[in-house]
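Pasting in a structure now, in structure tokens, and then I'll have a few things to ask.
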Amino acid sequence: MSTPTTTTYEKHTLNTKKKSQWLDVWKRLKKSRTAVIGLILILVFLMLALFAPFIADYEKDALGMNVKERLQSPSLTHWFGTDEFGRDIFARIVYGTRISLFVGIISVSIALSLGGTLGAIAGYYGGRIDNAIMRVLDVLLAIPTILLAITIVAALGASILNLMIAVGISNIPGFARVVRASVLSVKDQEYIESARAIGARDHTIILKHVLPNSMAPIVVFATLKVASAIMATSSLSFIGLGIQPPTPEWGNMLAGGRAYIRDHMYIVLSPGLAIVLTVLSLNLIGDGLRDALDPKLK
Amino acid sequence: MSKIILEVKNLKKYFDSPKGKLHAVDDVSFAIEKGKTLGVVGESGCGKSTTGRVILRLLEATDGEIFYKGVNIRKLSAAKMRELRREMQIIFQDPFSSLDPRNTVSEIIEEPIILNKLIKNKKQRFERVLELMDLVGLSRRLINTYPHELDGGRRQRIGIARALALNTEFIVCDEPVSALDVSIQAQILNLLKNLQHKLGLTYIFITHDLSVVNHFSDDVAVMYLGKMVEKAPAEELFSHPVHPYTQALLSAIPRPTLDKHEKIILKGEITSPIEPEPICRFANRCRYAEDICRREEPQLETVEGEHEVACHRWRELEG
Amino acid sequence: MLIPVMLGVIFLVFFIISLTPGDAASMILGDGATEERIIELRDDMGLDDPLIVQYGRYMWDLLRGNMGDSYSTGRSVAGEIVQRFPNTFKLTVTAIFLSVLISIPIGVISATKQYSLFDNIGMILALVGISMPSFWTGLILIIIFALNLGWFPSGGMKGIMSLVLPAFTLAIASTASITRTTRSSMLEVIRQDYINTAKAKGVSRRKVITRHALGNALIPAVTVIGLEFGILLGGAVLTETVFSWPGIGRLMVESIQRKDTPMVLGCVIIFSLSFSIVNLIIDILYAYIDPRIKANYT
Amino acid sequence: MKDHILEIKDLHIQFNTDEGVVQALNGIDITLERGKTLGLVGETGAGKTTTALSILRLVPRPPGEVVRGSIILDGIPIMEQSEYEMEKIRGKTVSMIFQDPMTALNPVIKVGEQIAEAISIHQKLSKEKSLAKAREVLELVGIPGNRMQEYPHQFSGGMKQRVIIAIALSCSPKLLIADEPTTALDVTIQAQVLELMKELKQKFHMAMVMISHDLGVVAEVCDDVAIMYAGKIVEQGSLEDVFLRTKHPYTEGLFNSIPNIDDRKAELIPIRGLMSDPYNLPSGCPFFDRCDYAMDICRTEKPVKHSFSDTHFTECHLYTAQPEFSLKSKKTKE
């Protein structure tokens, strides 16, 4: 009762303009050191992806084979060394960033739009519709996510599009569950009833009250899922089901370098670290967002 | 009798539960005159809040009729009902969860005006919001704050302003002060009373707090497990309670005075509201219960004038 | 619940696999087959029947323990799976035990000493742990412990020593996420009123944690252990590939490469079945640790 | 010199949070005789619960910090005990009942074991003997002994509160602290629980601190009353002192805010405004901006204790300036 955190007191400020609530979230996010590290890291990767052509030449550095320079250790000319075909590993990692981020974001968008819609419908309408949707999702959930993705790619064939479809579909049940739970918790709030009492229709209620208030957990979940989609992409590529060589992708770089680890361990070091850092940065941001969006958890 | 604004006949609301139908409101009837307050009291699970929501069709009734100004609103289309919502409003118990946390005070208050297309001009609408804020005693400088920055009392004022934003004539007040501290509670009660005089509002005042209901209502209905067990003008009910449950309830209120009074301590388990048998639902805890109470369901009978009670033995006990 | 979900899973996977381009008959017969032979075999295998009929036939066979024959080796799929399954079982069960054994104590200590050095380091490690792809971790562990230190074999399945690296690789990610869940649910629980009740009656600090808090905090932790098991099964596919572990995961990858659809189908089904059975066990476990759930069953 | 079970002197507690420092308790003095009951009354944020928790030394640290002050419980200086010694005091010398019976019991432990736990800790009994004793206590609070094996979710709210009382009383403490024990309950159930508590208090000869926002509950159970506002006790005295000879304007305001069930026409006179921001308490009297009697001095200087008798005192400038002062009106009649 008297612990100060549970009571809200009026802040004696003269508010003349409406403050954006996202600004508050941003302010809280900035306070978390780990989230800021994550943001900086992901920004670096985004820059690499965006400005890749200015950093290295795709045809020459990332694809061009050069037998004379194969398996060279890191040096000033080849920061991360060269691979078994004499290609510059740094250049390949830079171009690999493009693929990883692209596949990660697109496949999560697929999962979010399909799974999110299903979850929102199930949560808002409940009853039989909810039951039917959840039963179907139970089936999808019974197959471990990555195995579902593997199965889909195995059937459709390995290509970047099929990879995105596979990773996207395999994440549908997760998104549906999170969105459903979030909508359910908002739906029971009295302000939804209050909106109905003043004559708001279903679509107004969903768009204006339910969705904005259920965003927080969904945003967090999506951030974390981009991280795991990137992980899934490289996993599939590693076992030969994702991006096919010679196109540079972190997972297939690792698969290619595997045979040389005895004497040239650097060949698997940097692509792996690229995965770890990208995934880690997104996880850091996700964690930071979770705390920033839900201050009472602190 | 033309002054009746709302009349409810044989209202029933059953919920599905895993163990069968839960009889939340079971055959309740009453009427309210314009400008008056009907207090509905009872303990948790008696169906008082459900009654309020069913009247506004926030929940659809299982059976029964609800007449608002002579129109049976249970038969209205969704569009017609939306029109009627301009006159029938609700104030919620929890000032924390009844306001959308993502909207500012002004957005919350003007939402009903926009939705019902009452004032199209933006500037006039802003004027109206300020006017409403003045009316409920909210300082104008709070117009762009968010509900979570304000205390419970102010939040409740926002809820009241929102309910008054339309051409409101009838308000269901669902425990509007029970989440508030005593000193704030008195502020809100006085506000609601002044508004009633000023705007000629009709209230259904739902509460578990008998002292509040006595202070506030013209008529009082006591509910127990979905049933209305006693109804009378407030003065009559508090000076002359007839139903054993009402008596126990009245005696149980802790009074802030030094003279001690005898309390009726109830014993026995509360009957389950799921698929209840057609007997007196209070019989398990009633010290006067006899065979008949466990055999037949008592019906409302007139004690005197407007005073009604549903008890098999009230005549004997009175005598 | 198990049976309808499994029926759904088998149907779904059957449907996905049927999307595989290419003709099974010509694949089995190889390049030199005549048109007639192919048509004959198609007819034999019922490949021209509607999908649902093929599914019915497959289910009928499955009920009698027949999962068809491998396209590439001609051996019985069921036989192959039965032979390989114990290896995957050994690996995943060791990994989950490792995870639980490490993560629960760390999670509990972290929560009771929130913001201490132990907690901070533990949480950073956990975050890094969930950000590392298992196939990369596997390679790094091989480089360090097999190639350089020579403590453990780098692959294959010979004796208990060969289990160490793959089991650890597989356990890292789930250890990290179970630790995180245990910590956060522990933090949630120690703020509950009943913890104050326990303290107020003079229960010692240690007993408050072990007797009053842990029992409640385990409820969400157990959920995550169930989910992690699914992720672990998916991870087995990669880990088995990296360590040449003769389990179902590696069998599946090889079968995909050989376009051996009956074998792939068999592998996915056995993985999903294992996951579903684990979830069933988790559900039963729930009833033991949470009396409120038991009430719902009876 | 009377024999006191509890003596709190000049207790100051603050909470150091990210948003700033909350001065939760600003010099609390409480003395309580053995066997007597003190009602601690105030609104949300007044510091009632913090006071209660500080007696068991259960104020969460951090963010809580005891700035200064002392608490003597049954002759033991609480602030100077080790955590181990405190564990022996909690549940045995003093125990506490929390506000919300729905959350105060451990959902995964049988109620019988929850009661027996305290007994086995403090009386060093075997498991069987503790359980047997727990059964007695459970029956004492009016619950059949055969419900020992059940879990909390199988009990109704009122029954849960009885179990919590049973836990608190299982080792016959000398002081019981009850934090709003009936607020979450329905009126008729509240009456049952209050009746039970009064009965048990007699039986065990316990002293009790009863925290409540409800003056009605206090009137029924307590011998003395302390009114808290913004971390201070603004008025304290016997029930008669505070109810009949009200001195502090805030106390008067509380009485005038309660609807009188026996007089439906009586007007409510609310206290205007809100409680001061606890992050930023005023330098003078914290009630100053809500007080109808406020004087210039109230703005700048903290009021000091003014005694009217051995038992009755208030902290208000009105009486230092004019000793004969009396408040305008108190609506509630006797």
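Chains here go by letter, A, B, C and D, matching the order in which they are written, and residues are numbered from 1 within each.
Here, a residue touches a chain if its C-beta (ideal position, glycine included) is under 8 Å from a C-beta of that chain, and two chains touch if they have at least 3 such contacts.
Keep in mind that what you see is a predicted model, and the values were worked out from it rather than measured.
By number of C-beta pairs in contact, A-C leads over the other of C-D and A-C. Chain centres computed from CA atoms place C at the largest separation from chain B.
Mean C-alpha positions place chain C and chain D at a centre distance of 54 Å. For the pair chain A and chain C, the distance between C-alpha centroids works out to 22 Å. For the pair chain B and chain C, the distance between C-alpha centroids works out to 54 Å. Among all residues of chain B, those that touch two or more other chains are 151. Residues of chain D found to touch two or more other chains are 44, 99, 274. Under the contact definition stated at the top, the residues of chain A that touch 2 or more other chains are 9-10. Residue ranges on chain B touching chain D, taken from their complex, read 43-44, 151, 153, 181-187, 189-190, 208, 210-212, 214-216, 234-235, 238, 248-260, 263-266, 270. Within the complex, the chain C residues that touch chain A are 1, 4-6, 8-9, 12-13, 16-21, 127-128, 130-136, 139-140, 142-143, 147, 230-231, 233-235, 237-238, 241-242, 252-253, 256-257, 264, 268, 271-272, 275-276, 279.
In the complex of the two chains, the chain B residues touching chain A come out as 53, 56, 58, 82-83, 85-86, 89-90, 92-94, 97-102, 104, 111-112, 115-116, 141-146, 148-151, 154, 159, 162, 165-166. Chain D contributes residues 56, 58, 83-84, 87-92, 95-96, 98-100, 103-109, 117-118, 121-122, 151, 153-154, 164, 167-168, 170-171 to its touches with chain C in the complex. Those residues of chain A lying in contact with chain C across their complex are 135-136, 138-140, 142-147, 150-152, 154-157, 227, 231, 234-235, 238-241, 251, 254, 258, 261-262, 265, 268-269, 271-272, 275-276, 279-280, 283-284, 287.
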